[in-house]
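Next, two complexes with subunit A in common: one pairs it with subunit B, the other with subunit C.
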Partner chain A sequence: MTTEALKMPAVAQRQGRSELMQQRVRAARWFLLPMMIALAVVAGWPLARSIYFSFTDVKLNNLYGAEWVGFANYLQIRTLESGRTIYRGVLADPDWWNAVWNTVRFAFWSVLWETILGMIVALVLNAEFRGRGIVRAAILIPWAIPTIVSARMWSWMLNDQFGILNDLGMRLGLLAAPVAWTASPDTAMTAVLVVDIWKTTPFMALLILAGLQMIPKDIYEAANIDGVHPIKQFFRITLPLVRPALMVAIIFRVLDALRIFDLIYVLTPNSAATKTMSVLAQENLFQFDNFAEGSTQSTLLFLLIALFTIIYIWLGKVNFDGGAR
Partner chain B sequence: MKINKLLAGLLTSVTLVAGAAQAAELSIVSGDTGTGLAFLQSELDIFTEQTGHTVTIVPMPSSTSDQFGQYRLWLAAGNADIDVYTTDVIWAPQLADQFLDLSEAAADVIDEHYPSIIESQTVEGKLVAIPGYTDAPALFYRKDLLEKHGKEVPKTWSELHATAQEIMDAERAEGATDLWGFVFQGNAYEGLTCNALEWVNSYGGGQIIEADGTISINNPQAVAALEEAASWIGTISPEGNLAYMEEESRGVWQLGNAVFMRNWPYAYALSNSDDSAVKGKFDVAPLPAGEGEGAKPSGTLGGWNYAVSKYSPEPDAATELALFLGSAESQKRRAIQQNNLPSIQALYQDAEVLEAAPFMAAWEEIFQSAVPRPSAPAQANYNEASSLFWSAVHNTLSGNGSAAENLELLEVDLEDLLN
Partner chain C sequence: MASIELRNVRKAFGAVEVIKGVDLEVRKGEFMVFVGPSGCGKSTLLRLISGLEDITSGEMLFDGKVVNSLAPSKRGIAMVFQSYALYPHMSVYDNMAFGLTLEKGQSKDEIRRRVEKAADMLQIRQYLDRLPKQLSGGQRQRVAIGRAITRDPKVFLFDEPLSNLDAALRVATRIEIAKLHEEMNNVTMIYVTHDQVEAMTLADRICVLRDGLVEQVGTPMELYEKPNSVFVAGFIGSPKMNFIGGERAEAFNAEILGIRGEHITIVPENGVWSGTVIHTENLGADSYVYLEMGTEEPVVVRLDGSNTYRSGDVVQISPMNDKIHRFNAAGKPIA
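Showing the complex of A and B:
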């Protein structure tokens, strides 16, 4: 086979390779098919239906009698008899923009802190020390607890009367009076952020740790021989080399943070200070009689996340194969 | 689930061939709080003994808004797994299409119930649900503390504020640093709508949306009511009260850390349980009145009902269950063990009920004058209207805008929603 190929003229050789490629592509398609069908059924169809609903006047009690209304759910400009122009629809709704702002704020701060803390944890875990295996397993516990359970747990810990955090703060003299963490609009977002950072830092640390372990040890040895300061080593060697893994970890977390629902729904369900796009959409879809408006908000949420991902991949040149492009 | 049920049904009919073949397997959802679920289970055991039908309880979160969202989703999807729903008094107009008409099945017993409660569950001539119990809130007060400081049970909200403040300050000076004056339901949810409707109504400020659909909330009396309530936060009520639902306020109260509490009667039996710090030290009274023109004591009408899903594969057995849970004997046990207020008139004269819950004698009058939430005029928009209302109130309580500003905005929002 090899000797024959070597004898072949260049053109034929290319042809042969592409035939083989074509065969492999055909086979690959068959292997991909079940997954594509599954994706189409569980993700594609609901998504398409949600988008369709956002262009109708659908009600939850009457899903099949919906009528097409175009972009009215998104934005409608009406001129009243008095000549005044008013704007209606989700894009003109201050609640929606408040939710967008909350979501972006939440995503920014949570991912920033998770990245910094995750990096620190990963660097510690990357060092050789006794009992490293146990510490690695232990640090994953917050990530392993279902969000609903940890959110409930934290909501009791944050409680102003029987919460352990206030009790500790008072005993240590850090707090003058118990703070109602989840109730007060000033602290609600902080409380949610703390719980989310607590929960997801292990995930970040794990992904970064995987990246750190790919860095060859001899680079550090060479740097040590040259007498490079450890802090300089971190910024000149570790950070550039771990960057591809870090970028992938960040995008996972940002996508997750942009659709945050469960944590906020349990901790501060109706606080305007923390209401995110998903919480608002759920409220309109199922609590209120606004299924079409809720669908519109879901669609906008989807578009925002898609847009963000595209910009991020384009700007950050993220390569999902794990290496820098 | 459906197939499982079918299989189980087939198996039962195969093994028990005759007699038990018509025994149905039912499911009931309930978001009851406290010991309510255990009580429901004991009732279902009696039902199973009487009829042979077995019933599974599907527990739900205690927040009525959470329950509603889930039920609505299930009903819209035509879910056949749940046969009987425990429904809040305000849901009837919103979910009427999805439940069976019980007026024929309940024809014999309908007259036993209070007409106003039956009316609240009747939508366009259709009896949507059978009343299980009714609810009207009470002012729980620590009679030991009131006696110690020589105070009367407050008749108005400002008296309550003054009394609570005085007792709280005196007790704190003596070392009870965790003591608060008054706890209520201040989280931004349906419970706050109930609480705030009482304040507004007790000041003669109407009922948010009147029965004829007029939006009445933006008036000076309502503003006065909310200003009074906002003055409690941080003085006699903890700031955390803005996140309390029923169970959180009961938690503070039952640890002996509150002089007054606004809660539903279910808390009466629980506060008298053996592990309660306030056992035997408290009593209940009607909620205080407001001040100014039209001021009167007021309470929001609550209550839970049993509705049969129109998608139930066993509608007859499910109807039987709903009727059983709303029957006089079941309501009597409920009144004695759970201290829930019966919707059946005769039970308020029943000696055993009055022995177990002496306060009920006074309650008949209170809930008959209780103010209904505007679920009938708001129809399908009730939840959104209620959410607008509780948000405006919550903003006012947390100092985010004045009462007058928030109610003015609320009026505009409600007009947009309903017109």
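Showing the complex of A and C:
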């Protein structure tokens, strides 16, 4: 919709604007203005400040006494008299690269499973059956619960001493001894992934379902007469036609997953196995008094997400106007 | 080529019975048209024949074999939908070839040959590389018909294929479908429409449906000349047949008189009835005069050429005696 409004002036200028068109362009600008102001205040300004701070030696207790240090927070290369070269800054910090790796791993696996499971749920919900409305509403419950609440709920369920999952596993003979799911480095990432997939699959399913409902039903009747097997119908008809919606859903989720904070903060605090870029940045900003370093990490995270989004839209030819036909 | 027989076929959606016991035989190579007002069950009946819907009770036979539970793709049918139902992400060629590529033992050359033959028949060969959205409505409908032809079906099913086209295109496509039936000799065709003109011009036989039951089956001229109910009499023919009741009908020993506009003449004097002109329509080749004479709807008289009657003129009219249809109170013809 917004792209339509933005395209219009260009076309109109070429052909000499009519009075009506001029009026519409003016109106469009006025309608856009409040959103632009709101964005500038709540997104533009903080972002600019963060980027600025990342080039200074700012401290949390002295935000206005910051001095410009250039790229020192990012990477500083110093050669000592002994001839040894020392690398300092975020880009030389193994903790940072651990967090990058954790974040990417988390984003990849969570979005992959959410897409597969979300597609299955959406296909089921797209079929007609009695009580479909109730099921559609019910499936949204995990998405509706605040993350802090569901993370706490899961952390109790996963608790090594009192958790219901260990209890069930022991009773069924699947576990020899209780497992500290969230505390053990071997299982912490899996635990976080399971909870995130549980929570976000409904969102994915809903977006895909919206795409599925755009596909006209009569195509499937034509396919039935053509004798197309249901599995072939899915891969040759449904998937290509739901692809635009799917691409948009995936990018929403990847952006969300790349800046994951709350779930990990509550479920596996201080675990190196799950610490993501956002968690690390928050620690440096507000807990360790490394405001400049935290700002640098936030800026890098922003750049990473921006870069990914641009590449994805470019390669995937994502059309945010949606619509298969 | 196949004959189709329906024996006491019923279809219910939940508690609503849509098809209420239909017995019908469609002969080999015949062009059968299902016609009726909306909601009469004609599209449902077509979907039952296609296998897209299950029949609730009764029997459906193709060439004498019961096909009640046979999958649509195994019935040897092809269907053209009202909405075209083309695959929007496939080129015209792929749309037409998709069904064939899934059949075993079809070589690529053979598929190409069949698609191109169908495309030539419909003059859409130059569009084979385009997507459906790059075509006009009429071209899309040709592609849908082409897709059906490439399947080389024994039975062709059309579900209101012309209703999304504009008037001129509708006539042109109608003629093409008629030509198609001649070219593909001996393919059985079943065609659903609510437009009685399409039914009259295309059909070998017409099946008039009403409220899920067959009202009458016959050739277009049989239905026109010997309708077996007031419903069929009113549905077939344009302009609609005039119905006259009351004392005028009693004079002919009937409850209702049916007389078509083309079977009434305006006479200078000694007419059977008289009426006041309320409206005239000049179509060039013929013209209609609407008369107010106390009937439920105005009586239409169809005249050759144009006419010069004006509203308010009082005229005398006479029906052609051998063209009068007499019906009893139940709406059935009196022999």
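The criterion applied here is as follows: the second predicted complex is superposed on the first by the 301 of 325 C-alpha atoms of A that agree within 3 Å, B and C clash if a C-alpha of one lies under 4 Å from a C-alpha of the other, contacts with A are read in each partner's own complex, and residues count from 1 in each chain.
Keep in mind that, in the parts below, a residue touches a chain if its C-beta (ideal position, glycine included) is under 8 Å from a C-beta of that chain, and two chains touch if they have at least 3 such contacts.
Bear in mind that the values here come from a model prediction, so they are computed numbers and not experimental data.
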item	value
Subunit C versus subunit B on the shared subunit A, clash or fit after superposition	fit
Touched partner set for A:19, first subunit B, second subunit C, both or neither	neither
Partner chain(s) touched by A:272 [first = subunit B, second = subunit C, both, neither]	first
Subunit B or subunit C, by number of subunit A residues touched	B
Partner chain in contact with A:228 - subunit B first, subunit C second, else both or neither	second
Which of subunit B and subunit C A:216 touches, first, second, both or neither	second
Partner chain in contact with A:237 - subunit B first, subunit C second, else both or neither	second
Shortest CA-CA distance between subunit B and subunit C [superposed frame, angstrom]	53
Touching residues (chain side subunit C, partner subunit A) in the complex	50, 52, 71-74, 77-79, 81, 83, 85-89, 98-99, 102-103, 133, 147, 151
Contacting residues of subunit A [partner subunit B, same complex]	59-61, 63, 159-162, 178-180, 182-185, 268-272, 282-283, 286-290
Parts of subunit A lying in touch with subunit C, wherever the complex brings them together	216, 218-219, 221-229, 232, 236-237, 240-241, 324-325
Subunit A partner contacts - residues on subunit B that touch it in the complex	63, 65, 68-70, 72-73, 76, 94, 97-98, 178, 186-189, 238-243, 248, 251-252, 255, 257, 380-381, 383-384, 387, 390-391, 394-395, 398, 400
